[in-house]
Amino acid sequence: MTTPLLSDSEGPADALPVCLTSPTVAILGSGDFARSLALRLVASGVRVVVGSRCVNRIPSGLFPDAVELRNQEGAVSQAVCLVFMALFPEHYCSLLGLQSALAGKVLVDVSNAAEMNIHGLSNAERLAELFPNSLVVKGFNTVSTWELQTGAHDGSRQVLICSNSTEGKKKVVQLARQMGFHPVDMGGLSAAREIEVAPLRLLPSWSGPVVVTFLLFLFFYGYGVLLGILLPFLAQGHNAFYRLALDLVNESLPAVALVTLALVYFPGLFAAWLQLWSGTKYRRFPSWLDNWLQRRKQLGLLSFLGAALHGVYSLCLPLRRISLHRIVNTIFIGLVCDLKCLTTLGVWRSELYLSCGVLGLGVLSLLAVTSLPSVGNTLNWREFTFVQSGLGYIALTLSIMHTLFFGWDFAFHIEAYPFYMPPSYLLAVVLPCIVLVCRCFLLLPCIFTRLTRIRRGWESKRNCPHDGKRLM
Amino acid sequence: MTTPLLSDSEGPADALPVCLTSPTVAILGSGDFARSLALRLVASGVRVVVGSRCVNRIPSGLFPDAVELRNQEGAVSQAVCLVFMALFPEHYCSLLGLQSALAGKVLVDVSNAAEMNIHGLSNAERLAELFPNSLVVKGFNTVSTWELQTGAHDGSRQVLICSNSTEGKKKVVQLARQMGFHPVDMGGLSAAREIEVAPLRLLPSWSGPVVVTFLLFLFFYGYGVLLGILLPFLAQGHNAFYRLALDLVNESLPAVALVTLALVYFPGLFAAWLQLWSGTKYRRFPSWLDNWLQRRKQLGLLSFLGAALHGVYSLCLPLRRISLHRIVNTIFIGLVCDLKCLTTLGVWRSELYLSCGVLGLGVLSLLAVTSLPSVGNTLNWREFTFVQSGLGYIALTLSIMHTLFFGWDFAFHIEAYPFYMPPSYLLAVVLPCIVLVCRCFLLLPCIFTRLTRIRRGWESKRNCPHDGKRLM
Amino acid sequence: MTTPLLSDSEGPADALPVCLTSPTVAILGSGDFARSLALRLVASGVRVVVGSRCVNRIPSGLFPDAVELRNQEGAVSQAVCLVFMALFPEHYCSLLGLQSALAGKVLVDVSNAAEMNIHGLSNAERLAELFPNSLVVKGFNTVSTWELQTGAHDGSRQVLICSNSTEGKKKVVQLARQMGFHPVDMGGLSAAREIEVAPLRLLPSWSGPVVVTFLLFLFFYGYGVLLGILLPFLAQGHNAFYRLALDLVNESLPAVALVTLALVYFPGLFAAWLQLWSGTKYRRFPSWLDNWLQRRKQLGLLSFLGAALHGVYSLCLPLRRISLHRIVNTIFIGLVCDLKCLTTLGVWRSELYLSCGVLGLGVLSLLAVTSLPSVGNTLNWREFTFVQSGLGYIALTLSIMHTLFFGWDFAFHIEAYPFYMPPSYLLAVVLPCIVLVCRCFLLLPCIFTRLTRIRRGWESKRNCPHDGKRLM
């Protein structure tokens, strides 16, 4: 595949030539990755030869029978054009002896970076330095041995590829397609650094939202402990520490969920106001706002998690030992008071806040489902917006109503403010209300039309001295 | 890529030639879409030049550095073969000056329709009229800026493409592949109309089922209000309006869920009987039946939603203020009666209807999970049928048992029929029972074998005068 | 497309040539599959002619208008290179008359096997025998008519293809791509056997785990019946048979879920110890261990299912008739005792085991979500391990704590051991504890480092007499 002629005649075969003309592919190394790679290649109809330093040591059956086992020299010599380097990068140098044999061949570097921040060259670049006459291509390191063995069942697994050799890239891309992967060209070999680090990343897009949610939880939980346990204990020596385990968590979770949900819709409003104020959409948002906007999905899912847990916790309440205790108390001690409090209003209240809660959670779970990649992919942009924004605000409204109905009668009794501090649900409901109000403002005709025009490309004169023609 | 020679030499590169030989791609427009498009193209290793009327107005950093900013003339002149028209269609005419510069080049129309029903030509067709010497291709409008920026992570996002120029189509398809999308050829430019409307659709397949479910809910809710609140209030002045919020909803939801679930399996039975009666499967079903059959998934999911909500509502019952009230009553007033009613039968009843309910909901949720695209894709047809039909009928049976056990002893007391009207759950259980009975009939050997033969292609003589050979 | 010249000139067109040069494709057969195939082909811009024995019998509108209907001879004569055999294999022979017409053309066999274990040749191989001069390709049988009609929306549906003719395979692969499918080359025609059986498989990877889980359930349920119902009944004539329906199920489910969850992590530990003991990772695991390791996902999901059902069942408890009964009893008969038992310890206990349970279930559901294909695909290996292993062990720990807290005070009363048999939750908690302890051992520095070195390729001397260089 080194002469243009050959490569031409192979062209028509789309992704297949490699297997049709079946040029043997060599794999240097006999580890898990080498083994899985060989399995997949064979399954894709490619002839594979594995080169290992101690061949006789490889247990029979470790590799499929179709695979030929040779020492490294033999393997390289058999490879028509492609050689996978399935060794740890620190052993690359040990192959310098094969330099001439590898000349003109495509070396695929499948190694990962040792740690997140690479100092100096990437493995692929070092390999290229060691074998200047070979075409070094970075790739397949983002694919796990497990995916190699099982096969990306929906053929959707991306294989990031980069190289300075277009010829080499071309061959690897074809092979990747044939193996049922989805090759993505990342450009020149300098991109290898990024590709080698990719497998080390640990949910980067989640860290921020998780931290925020966790801090919120700490705040509300701490506030609850102070207000509901410590102060009463210090003041009246009333011991309620058992509430730490469940009650307080169940008090904090809804607050966290509510605030987080508000944080999902806050940046959008902020962006809108920014556009209105600057009178154009061509001014970039500050980066912190951009980041925030990109984390909305994660925030939303965390909010859903909190809400769901709150739901389950609440449903657990009647199961608790203490609840039986309370009923008994109600009946003997607190009966009169309770039946007194049991006004129709009280009943209505409980009915309403429960149904608002259930419905809110229901809508939130719809949102969560549509945020699944496979579901979201089936939605067009309008549907996505309808679900995420439309249903989202409905969920927010229902949650707020849930909170307000819950706190209804308490809110107006002085007993609700022991030690002159408001109950946590009042703190939690502030931001969501602000968000909701701002949103309503944006729906005012005058503002709405202006915003739509801006989003459609219109700009207030001060921004564009040019003639009226707008660009999308 | 205008000469066969070039195109030949590009062939082998599979999806890569555009980037290997790196012909610059031009984008006219500097809006969000243009920006996202540029980002994605650069990420895919394509050289991009953006043409804007007021270049100096574009804030630095809006586009990646790799992107060259020029005025429109300059951009077009640099583009080797591909030009993206990222303007609003109403501004196409403003580019007439570039007609000669654009001649022979591929113009990609990425615009959406303004409203659902297009009058006259589609944007792409109008563009083709304006630039008769260019190869106009419709595409990428179904992809959102968001998807362009993040990249279709599972490389599965479809890009609908149509054009009268096979040459142009070819180039755009290659580019789409390279960008990690999944191009789908929709045929000639006349298909542009459909493609331009696609992004405006709002869950077309859901409207029908949602309406049906909603009407069912209205019916059962109204019936409940009449029977459980209005009549008692008018007759005995017994005030139970607080039940509107939660009780009645929780009474109606299961009824809706049950009937909807029956509606999922009804059309299938209908189709089977139709085939049995006509003795062939080559007669098409009436279109209403076809539509119904295609909406079963949505109906099933709505039924699941209803059932799930019913479950949560029911679990909320003990949390209600009123329930405490009831317990107290039970103990003081109704105690004797209650302990009397508390026969072993009563206990068994409650145990059974609860467990049937839980199991039914469990099976339904399995169905819901398998209806997720990514899960369904991993099932072969037999597995899919086993889950959807087999488990589906189990869920239906369990739900019916749930209802019957629930209504068991009530059903035979005269108190269950106040004002001589049956309770709603009795109404709800009728259709499901019919479905179940019909289904059982279909399992009778005689009918079953005949149906299988018909489905395998056999036909009763009157349908096919020809010799015995059957086609699949 | 039979001359290299033609095929060359088609090459560059990537997946499109078939439609660009639009060589008509023929479909023999007029059944559902033929119809859906035609629909999809037309939608993909391919010219289609359908050949049927009784054309006049085909109802108008059964096929799209773009499709031409001919008798079989006519259809075959029109087909440039591709002919789909959409007949039942038993009718292949009836086409022998067309042998000459079909010579040199690609015949695509889309048939499934009649039963799981094929005796003799596969359909495709028999077809190849009947038409020795045609290029027989196996394919598309794994795609259902439904998928053909709706289109694999995320273009990820795999089409398994095999053939002895590379030329034929090439054409079919191109066509499959064009239709939006993901062709996978399975090698020579001998692979047809496997491909034809694929659609008949019924969740092969689930059978094992389901059986195990079911047996576990039977054991715990039986044990519960014996200990909780039969023996009391026989000994004290105490009738508690009503507990069969819900109580006992809810007692067995958590036990099953807990043990199953332990079974998810057991094989991993076993493998680790094996590697430590043999001092190398190049020795293959026994096949039973391999199978077990590959079934962990299914076991985990079943465990989640059990846990979720247990959760719902438990939340149902207060709804039961009997619970009201119990409250009443508590208050009248058992009041004194109960209030006595109601120590702070008891309250703490109930609070803790409830919250552990809820949290455990929460973590498990996170695991379940990430095991969805579309979600898992977005995770890299490190993230996947973090979720599945890290969170998994947290879930296991929480579940164990849930069980221990639950059984806390009972465990130390003699009443907890009626008939000298331990309660089922004690049996259930044994294995999980063992797993947890073993896991902790593996975290001991000395063992941990050694294991990591082994996994990185290091081997104890006795395994490799060679020099120090290690292969990945």
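Per-chain numbering from 1; labels A, B and C assigned in written order.
The criterion applied here is as follows: contacts are C-beta pairs under 8 Å (C-beta built on N, C-alpha and C of every residue); 3 or more make two chains touch, one makes a residue touch a chain.
It should be emphasised that the depicted structure is a prediction, and the values quoted were computed from it without experimental measurement.
Apart from chain B, which is left out here, the chains connect through touching into one piece. One rotation lays the C-alpha atoms of chain B on chain C, and its angle is 120 degrees to the nearest 5.
Chain A and chain C touch with mostly distinct residues; of the residue numbers seen at this interface, under half occur in both copies.
Averaged C-alpha coordinates put the centre of chain A at 23 Å from the centre of chain C. Counting partners per residue, chain C has 8, 11-12, 14-15, 153-154, 156-157, 315, 318, 327, 331, 372-375, 377-378 as the residues that reach two or more other chains.
Note for the complex: chain A touches chain B at residues 4, 7-8, 10-12, 14-15, 153-154, 156-158, 166, 169-170, 173-174, 177, 182, 184-187, 281-284, 311, 314-315, 317-318, 327, 330-331, 335, 338-339, 342, 344, 346-352, 354-355, 358-359, 361-362, 372-375, 377-384, 386, 456-457, 463-464, 466, 469-472.
Contact residues on chain A toward chain C in their complex (touch as defined above): 8-9, 11-16, 19-20, 28-34, 43-45, 52-54, 57-59, 61-62, 86-88, 91, 94, 111, 142, 144, 146, 151-157, 178, 180, 198-203, 239, 242-243, 245-247, 249, 305, 308-309, 312-313, 315-316, 318-322, 324-325, 327-328, 331, 372-375, 377-378.
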